[in-house]
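Next come two complexes, and both contain subunit A; in the first it sits with subunit B, in the second with subunit C.
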Partner chain A sequence: MVVNHLRVHWEYLKVALSTAMEYKINFIIQVLAMVFNDVVWIIFWLIFFNRFQNVGGWVLGDMLMLYAIITLSYGLSSVFFGNRNRIAEIVNQGKLDFYLALPKNVLFHVLISRSSFYGLGDVVFGIILAFIVLSLASLSLFLILVLASTSILLSVAILSGSLAFFFGNAEATSRNIFMGTLSLASYPLSVYQGVTKFILLTIIPAGFISGVPVELLKSFNAQWFWLTIGFVVLIFSIATFVFYRGLKKYESGNLMYVRT
Partner chain B sequence: MTSIITVKNLKKVYKTHTRKEGLSNAIKSLFNRKYEYKQALKGISFEIEEGEIVGFIGPNGAGKSTTIKALSGFLYPTSGEVVSLGFTPWKDRVDYVANLGVVLGQKAQLWWDLPAIDTFYLSKDVYGIKESTFKSRLNFMVKLLDLEKVMHTPVRDMSLGERMKCKLVAALLHNPKLVLLDEPSIGLDVIAKDKFRDFIKLVNKKYKTTFIITTHDMQEIERLCKKIIIINNGQIVYDGLLKDIKKKYLSNKFIDVKLETKGEKFKLRYCKVVEQNEYEIKIEVNTTKIKVKEVINSLLSNYDVADILISDPPIETIIQQIFRSKDGKV
Partner chain C sequence: MTLTKYFEIGKINFINSFAYTFDLLASSVFVALILFIFVSLWKVVFGGQIMIEGFTISMMLWYLVMTESIVTAQGHVVEEIGEEIKSGQIANYLNKPYNYIFYKYASNIGNGVFRFFLTFLVASIVVLIFLGGITIPLISIIPVLITVFLAITLHFAMMALLGVFAFWFEDAKSMHFIYQKIVFTIGGMLLPLEIFPFWLERISAVLPFSYVAYHPAKLFVNFSFSSFFSVLVFQIIWIAVISLFIFLVFRVCVKKVSVNGG
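Presenting the complex of A and B:
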């Protein structure tokens, strides 16, 4: 079962890579755009920390660490689960039929059947940042936390995409929820206080995507570590549950219908 | 014979959001959502036997696609029962679709940017088909459907008909026991349609594959199906042999005559004049009683004929006739 799914995943990656190579120039431009985006962001924080030294205990190194985690989990999920942000579109336009006709887990098949290889730009950038700020001793913890962040990002994408089952046209809303969560995750956790912080560790799980992992890498705390792992399991279970609940409401549609 | 599909009292109600156009209405609808319910299937029941090619016909909006989607496991029906190949489609979906092929004429089922052959290879892995089996089946189908060259071009560059043929191949690669075709021949030209039909017949014979096919093309039905099911307005109005219904309703032909010069009023036994004006006569002929040839001869000898068109009554007419009969059933 698992082996077979991995094999299919691998085949899709190969096809996506060969397609990306067909449009080489386009591919290179997209990768460079990603890297440029990341560089601009870094320059912003370089200037910021040059002035203020630290934000609630966070220094420049912590910020780079945060960015290493975000770019890696964003990049990895783009490469391996490239349809992450297109669930709402696929549901809304009745394209789910294609996946429902095939003998594979629907959610898995949707997620893997596309691959955004320009996400490699983010992955490479994240690795370079990690090399700069990470000590070898914390490498395995770092990798576990990156996987955790990737899973949370995916869960957020699945949850927001599943809105389309319940509310019809939810493509824009779904994308905004995902991007919003991501941008909340790209500030130091220490800028959030009280209720805001609580929300970011529960309903909007931005804190667990980046803030908590950075805190854990700064000083390890078993309790928070297991809380993070538990949270990953919880949110992923909720996301798959909501998706399959929504699937029961899927009404296909004939593409030619324009809903008013 | 054993039935491989049993459908009992299947109902489907679609729920759609409705709102009036304009921004203020859009905002209102955020708080006060209005739904519209559309009863697409009103409790249909039928059985299908192994190895049959069954034609599923009916006018637009009758519920054909909805039935196909419910049988494919794409939709959760509102109520009712379906047992197909021993599975409940929407519950045992993965095991079920491993033995199922679906072609939706109106939908994309191939990767748009890839050559069709790449989609075929992906299918091979998704279904877990053995390399040798895959190769021989692919060759068999590609040859019959003339796809050797075209399957290497990206799907987006294909013609409608080429794409449709590739969709059929993709749906049959894993040698499914049951194949559901929803308007598979839209976009095909006459020659391609012929090949398509021969192909389906051959697969049906060679592998005992069961087909359900929806179409608006009566010729297609006549060429392929022994059994038909007619659905109208979410209800089955006929379920039986094509030849029985033909005897009853398709026995009539329409003859449309255009005249060079004005003619007398037309009169002949077993012929009903549907419409006649100065330069045109429309006749309905009962072919069980009189040969078309006889009618044409009479027309040619009595009128200055410019053009003649002979046609079957459209399916809509047949359905109207069925409703006109006493209890609405055949």
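Presenting the complex of A and C:
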């Protein structure tokens, strides 16, 4: 069952890669644009920490660690689950019919049937950054935390995309929720205090995407580690539950289209 | 007479933007979130300090309200123009009794002005709630609005230039993306130039990007007539220089456009 799904995933990736390679120059430009984006943010933080050194206990190294985690998780989810931000659109336009008729897990199939290979730029950038700022000893912990972040990002995308089941046209809202969470996660966790910090560790899980992993890499704390893992399991279960709950309300479209 | 038609195009688009208030509100809410993050960030950075590089915390945040509102005021000009030139759709405009670039400008500025005010309003509410207001001299309002208008114009001109270049460099989207990031950083949208190392501050201050974000916003929180006139002059110079480039490049490019059929 699982092997079967992985095989389908692999085939989709191969097709997506060869499609991307069809327009090599465009592909390279897009990858480079993603890398450029990451580099610009690093420059921003270099300038910032050059002037201020310490932001509520966070130093430049912590920020670089945060970017290693966030670019890698974002990149991995773009490459392997490229449809993550198009759930609302697929549902709203009735394009879900295609997936319902096939003998694969619907949610899984939706997520993997597209791949944004320009996310490779983020992946490569994240890996390089990780090698610069991390010691070899923390590499395995880093990888686990990246997987955790990727799962939370995916869960946020599924949850926000599922809004379309309940409210119809939710494409802009869904994208804003995802990008908003990502933006909140792109700043030092130490700038958020009180209620905000609580919200970012519960309802809007931006804290678990980047802040908590960075704190764990700085100084490991078993309690927070297991809390993170527990949170991943919880939010992923909720996301799956909400998606299938919404699916029951799904009214298929009468739109005829050819899927190429 | 010739200018009235562009004024009318702008007016129509300004009124049209009211029809999509909800869509626009969604993007303004995003800016509001960013400002909320900035309020949190700068509160921690300022700590007990009153002044950093000549900025109080409220000057800093209201500076950011201004830069964000200006920079996000316009949509995807680069992609729009790039797409129309590449696809040959531009032929539909070339035989009309107006200049294509002026037409684009008029339709974008109408929308842009509306979005500027909407974003400014939403962002101001966030900063008012989480930080507080700022006192600005009444006399500065009109001059600041003039520089804001010129900033939006300069922003448009640079994006239009890139859009025209898309005729050669296929990927207009990536070009827009890169331009945006340049305005974010050395244009001063995310940080006032004073925070930069000295050499970078000097370079960024004279480049056109800072006349889109940094200079008008600085003027807003720290007004003086002398800096108003200097900003005004440089904005006009940059708009003139970039417009010249647009027309040169556009002429070459229109000659090369070949449109097949209808």
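Quick note on the criterion: the second predicted complex is superposed on the first by the 255 of 260 C-alpha atoms of A that agree within 3 Å, B and C clash if a C-alpha of one lies under 4 Å from a C-alpha of the other, contacts with A are read in each partner's own complex, and residues count from 1 in each chain.
As a working rule, a residue touches a chain if its C-beta (ideal position, glycine included) is under 8 Å from a C-beta of that chain, and two chains touch if they have at least 3 such contacts.
Bear in mind that the values here come from a model prediction, so they are computed numbers and not experimental data.
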Counting only touches as set out at the top, which of subunit B and subunit C does A:183 meet: first, second, both, neither?
-> second
Contacts of A:7 with subunit B and subunit C, given as first, second, both or neither = first
First (subunit B), second (subunit C), both or neither: which does A:51 touch?
-> second
Of the two partner chains, subunit B (first) and subunit C (second), which one does A:24 touch, if any: first, second, both, or neither?
-> neither
Once the structures are superposed on A, label A:36 by its partner contacts, choosing first (subunit B), second (subunit C), both or neither.
-> second
Tell me which partner A:191 touches in the superposition: subunit B (first), subunit C (second), both or neither.
-> second
If you stack the two complexes on chain A, which partner ends up touching A:173: first (subunit B), second (subunit C), both, or neither?
-> second
Kindly list the residues of subunit A that each of subunit B and subunit C touches, one partner per complex.
-> none
Subunit C touches which residues of subunit A in the complex?
-> 25-26, 29-30, 32-33, 36-37, 40, 43-44, 47-48, 50-52, 55-56, 172-173, 176, 179-180, 183-184, 187-188, 190-193, 196
Once bound in the complex, which stretches of subunit C touch subunit A?
-> 23, 26-27, 29-30, 33-34, 37, 40-41, 43-45, 170-171, 174, 177-178, 181-182, 184-185, 190-191, 195-197, 200
Residue positions on subunit A within touch of subunit B in the complex are 4, 7-8, 11-12, 15, 19, 94-98, 100-106, 109, 167-168, 248-252, 254-256, 259-260
Within their complex, state which residues of subunit B touch subunit A.
-> 14-19, 21, 65, 69, 72-76, 93-95, 97-98, 100, 102, 104, 106-109, 111, 113-114, 118, 121-123, 125-128, 171
